[in-house]
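Submitted below is the structure of interest, expressed as structure tokens.
Chain lettering (A, B, C, D and E) follows the sequence in which the chains are written, and residue indices restart at 1 in each chain.
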């Protein structure tokens, strides 16, 4: 249960950063937090009371393992999150080069 | 102020919604696998794929296509970072404007670098047996290169070699898939024998793919790091 | 070879569309080819349309073009033919007239291409026998006419855009109505539709017919939609205006005829509700028509711009057509169709004359012209007769149609429509005399001393149309014969035409014998001429300035404004002005500006700040979640 | 007939994408040709696929694991039509590329370009929800990178647009994934057909929550109204061929993903359709209204795209066959015509050096061919007869009429929005042809290689206007596929 | 059409102008008497016309200028022949009220054309005033016509006359209409307060200002016919066409004709009396006047007719 709460909390924090932090790097951090929250959510979805890691070595019975599928999904999502973060940061480097600021209020040459 | 309170209200709504939906409708720790597809993975996974690490079985075999996509995502991102930061790097041979690392770091990195590479390789080679896999191994390899960057302000990778490596291993993954298609009519089909679970050389194409992924991820992440490090401030 | 096999409406259309294309490419290289080809194609089309007389065809000409297998049909019938011959002959004559008028103007080559295209699409509108092709041709017609208006260059921008917007609004309304009909009945072919109409819910008919009618009312420039007419007619190139006003404005009426009487049919129309034996729908149309006629007349009286004056006059005259159309009795429909013909005849001549005069004087302000009657006798006479026809003077064809409409209105006891129409008609004397006085009578300005009639290519169409006007004044039975068959096609009791003499029209309620009237007029003319010729001595010509200056030397006073033309009706304009100031244009303009302002506000939504967008996203999600929790 | 497995439409581009950089080291100009070859392959493959799928849906199981356990590619008429659209638009854009991408790293551009195509193709073909997510990510990350590719004059704007797009886009993917997680929690499966069969018996509350999340997530890709803040900036900032790709490929794929999820997985959930209807109308009006006052050509086109996407949303949410066919037709038409418009606008801007609409005065004289092509595209979007937009509009209206009184209202709203659209496009077209240019000099037209795609698109716009039968042959089964839902068509499930 | 008819037509064409001139002469006498003058002899108009026709110097501005008087006479003569005149209904069976209304316009337009061609601003202003005046009185007049037409359910003037012979005269049946029609008649006659078109003191006889000699002679003839036609129109509409005696006998016919002359004169006389004592409206005042009270009354009359006839 605590995992659910943590997951929801991470997502909420991420959104909080996105909505209220002006600094773009902080916004990207928010995105990362959200990603983590989602990952946690996925993993905790697959948890079974008393389950263990889904590696059927050393006599682990299939009945005892947690759902492996969410974990596989998380694996994928982690990489995607990393990719997005990397790309976002590199774009931010260029934003900074052009605008000399990372304040999202000021990066709005294009509007309406 | 209004903005902030709106934001907080919205966040609260989201939080409550996500949390209570989960808590009410998906009680934590309930065994739901009997209703879904996971049963198949859990009970037949080892036989089907030969990988005792079920996550790996899923990642590389059952849902190998996702992984191909995932690799592509990383590849796209690496290419994207390259494209985004194109022409922003320092001129060749010029030092990065960073303070020199201390002697301890330099020496330590020199010692640790091959060990980290080896560790990374271990992780992805044993991906089908133990926790971990190509991505994790690749990340470790990239960390090794990061070490290099941190310790040596002049250090930079040979782009051509990295690109070639990346290409080759990437193509390997794609080729494995295409070969599966050619041999059996199914893309990414496991056309190699499964072997006996628990052994290193088992689980069909999984080790090949994980090796490819490991090298590729390592190269890509290093490339990303390189691109970012090289940006002239 | 049997040429009659080619006398089919679809070949007419193909000829014209191909002709437009050929003319464009040939005309790029040689202006001679451009003129001769456009004349050739329109002439051929006219000939083919004329030969279609009395035919009744219907044919599929395209494969199905909607998912449900809707094909396009073209066909011809008496009603179609009546309009087609008007449109085709006007187009032909207008092209002829344009050769000298449009020479050297902007985008001359496009003019001929588009005119042929317009001719084709107008004929397409009348020939089309299903909803879809009707609409397609309708849109084509709107588009090509819009392009023709814009050929005049920058000054026509706003007018053209307004025309296009209002037309499209109408077209979309029509499209809504048409699809309603289509979805309800599952067919688009007219005869199949009309077969299914009986027993349709009244509300449905009202709605669909009303929506369709909006499109036609826009094209007819009827009351709430007339605002485009005056600017578009007046700003359009001079070569196009005759066709625009003479031919194109009739198609709104044609559409109403088509939908009210051919598709829905008289009995279903009456079933939608009736008022004194006239369908309420028709009555509403007639009412709109009469009010339009009246108001547009008031506007026309105030105009000093010759083309705007004629434009408002067009609006007003089309109001009469709608009036007759709406009343829907045998007499009124005949009157309406006849008036469509007459208006085509006289308004085309008037706009042609106006174009020639503008070409000559370089201005559209009538008060800067004057005294041209003696310099341009042919233009003057043709325009004079056309104005007589416009004012419904009984020695011209224009009287017959108005008489029929009045008779019908009075017959039905429509005490609102009839007086309005009548006063509007008196008003038409006012504005048409203003045109005469300001352009042809009064003092000839110095700059126009050596003005003379335009070239034959301009005068021949004018003379041709005028002579038809005069001819039909004596034998109204000829056009009424065609009209009668059109009426019977529409399921309306055809007007009785004395088949032997063609002179008398009328019914038990009243009658009009064109021959007697003409005879007496000629007799009186003879008497008056004799009186004039033999009494007293021969008169001597005096200079025009003699009247004014009583022998003073003109040069001493040449700065005097000698021509009484500007602000002609000032005394009564004062009376209307407070009311006319409430122009609908303002409403439309205000709406347009208001919407632009609104959209300026709307696009502020895109603030450019990414955080705002995050707010939108989260807000949207929050809303969905609340909906998901509470509502679903 | 040669059968090409749909998975190769992903596999080959990926392979080539990996191959390109190493070949480029040796042969500098190779990326362009390799990319061209890849796109050609996809074009052929998707054409064959479309022909095959008209008879029966083509199902390709990946890794030999039958659904719902493995990932499956499902190419019905609809999906293969979109795949064909994607590959052909990419092909045409490929012709259009050269002068517009000179400033950056071309090798990387071509890699991203074909991967974008691969991602979009995957989005329309995949039959697995999480796989859809992965392909969505490939597509969006490739879009981000391509968007940031601009160098030189537009660089600043491109970067700004990218960061906005990235933040919103990542947010969308997070929500999409939450939705997927909830659905998985509710049903324990990820295969779309399996999901469709299990959802009716699943926990309603969870499903609805997931639906809300997924609509939000995919709505961002589909440019739905309050979620489309990134759109105008992205279209404006991107270099011209990338704008074309956005309008004709990325957004179409995103839209299709949304529609598929709502229609197939949720079995045309009426609640979702109501939401889509309302927000579709909002999108339509907000888009068209915002375009009305634009002075920036590309931004105007961008807002027009938003409006068109709103139209599509409305058409699809009407949920009857006629409207769906109309919607699909509008989708095709919009992809083709808007692509044409962006290309022509790109040529204008390339020649003029400014995006200002007022600089277009008298372009009809200065760049006649491009102007004519632009006009054709504009006419089609405006819905004038003999152009594709006309047919789509008529069919959508007919479809909405079938939906009773509300449908009538919808029809009127759609038409009013079209009127606005007509106004601003007419202004531009008018300016191009009827105004006198300030500077009379003739500008250089784009070379034939660039003109070629525009001419092809213009020809298609015409063809769609005068011979719609050809397209209905594909669209009617496609619409039926949507209406039937996915359940009946997955052989293995 | 028999020979006698043609003779009658020609006879009428000769008689009516002479009668009109006589009326005009008497009018001058009466006006003079009211204004306490002696006035010219009643045959003065004949002398005037003869003088004008025999004048030696005639000036013309152009052929359009010549058209004016010709058209004026043509229009009025034609109209005259379609109006029943005291039982003489030569062509009036073809005479439809609407036709008559429009025929009457021909002469007006003719004069306007000629006057305009003269180039004199006074004539221009005169024409403008005439046209505006026409538009002014036409509104109430049309409403009245409509009420009469609806009441008798015909648009034929001859029918209206014959129906009045069967029923009561319209002036009794529709008194309100008759009053309004008389007000309009004042404008049609062009007598004060509605003589703006010719207003000698302002625009020097307006349209006629440039005309002299035989032109003016013809215009006087036109005016003479116009008085009879307009008066007769009223008589036919409201006073039963003057038919009080049995029209089948010759004596009756003659007496009817005399009654008709008397009634036309009566109408003219009423107009004269008003003319003699009233000042002149400005043209816009005239317009405002006609579109106000007479129109309101006419509408009331029309409503009355509709109510009555629907019973």
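We take it that a residue touches a chain if its C-beta (ideal position, glycine included) is under 8 Å from a C-beta of that chain, and two chains touch if they have at least 3 such contacts.
Everything quoted here is computed from the prediction, not taken from an experiment.
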Next on the checklist: Keeping to the contact definition above, tell me which chains border both chain A and chain D.
Outcome noted: B, C
Checklist outcome for this item: Per the touch definition, the chains contacting both chain A and chain B are C, D
Checklist entry - What is the chain whose Cα centre is as far as it gets from that of chain E? => result B
Next on the checklist: Please tell me the distance, in whole Å, between the geometric centres of chain C and chain E computed from their C-alpha atoms.
Outcome noted: 36
Checklist outcome for this item: Distance in whole angstrom between the CA centres of chain B and chain E is 107
Item to check | chain C and chain D, separation of their C-alpha mean positions in angstrom | outcome: 44
Checklist entry - What is the distance, in whole Å, between the centres of chain A and chain C, each centre taken as the mean of its C-alpha atoms? => result 68
Item to check | Residues within chain D bordering two or more other chains | outcome: 130, 134, 137, 141, 144-145, 148, 162-163, 167, 171, 178, 184-185, 190, 205, 209, 232-233, 290
Next on the checklist: Counting only residues that touch at least two other chains, what does the list for chain C look like?
Outcome noted: 603, 606-608, 610, 614-615, 618-619, 621, 625, 629
Checklist outcome for this item: Residues of chain B that touch at least two other chains are 3, 7, 10-11, 14, 17-18, 22, 26, 32-33, 36-38, 41, 63, 66, 69-70, 73, 76-77, 80-81, 84
Checklist outcome for this item: So the touching chain pairs work out to A-B, A-C, A-D, B-C, B-D, C-D, C-E
Next on the checklist: For the complex, give me every residue of chain C touching chain E.
Outcome noted: 371, 373-374, 380, 384, 388, 391-395, 399, 403, 406-407, 410, 413, 415, 418-419, 422-423, 426-427, 429-430, 433, 436-437, 440-444, 506, 509-513, 516-517, 520-521, 523-525, 527-529, 531-532, 535-542, 544-548, 562-565, 568-569, 571-572, 574-575
Next on the checklist: Quick check: in the complex, which residue numbers of chain C touch chain B?
Outcome noted: 615, 618-619, 621-622, 625-626, 629
Checklist entry - For chain E, which residues are in contact with chain C within the complex? => result 9, 13, 52-64, 66, 69-71, 73-75, 77-78, 81-82, 91, 94, 96-99, 102-103, 105-106, 108-109, 112-113, 116-121, 124-125, 127-129, 131-132, 134-135, 138-139, 142-143, 146, 149-150, 153-156, 210, 213-215, 217-218, 221, 282-284, 287-288, 291, 302, 306
Item to check | Footprint of chain D on chain B - complex, ascending | outcome: 17-18, 21-22, 24-26, 32-33, 35-38, 40-41, 48, 61-66, 68-70, 72-73, 75-77, 79-84, 86-87, 160, 163-164, 166-168, 170-171, 173-175, 177-178, 180-181, 184-190
Checklist outcome for this item: The chain C residues in contact with chain A across the complex are 603-604, 606-611, 614-615, 618
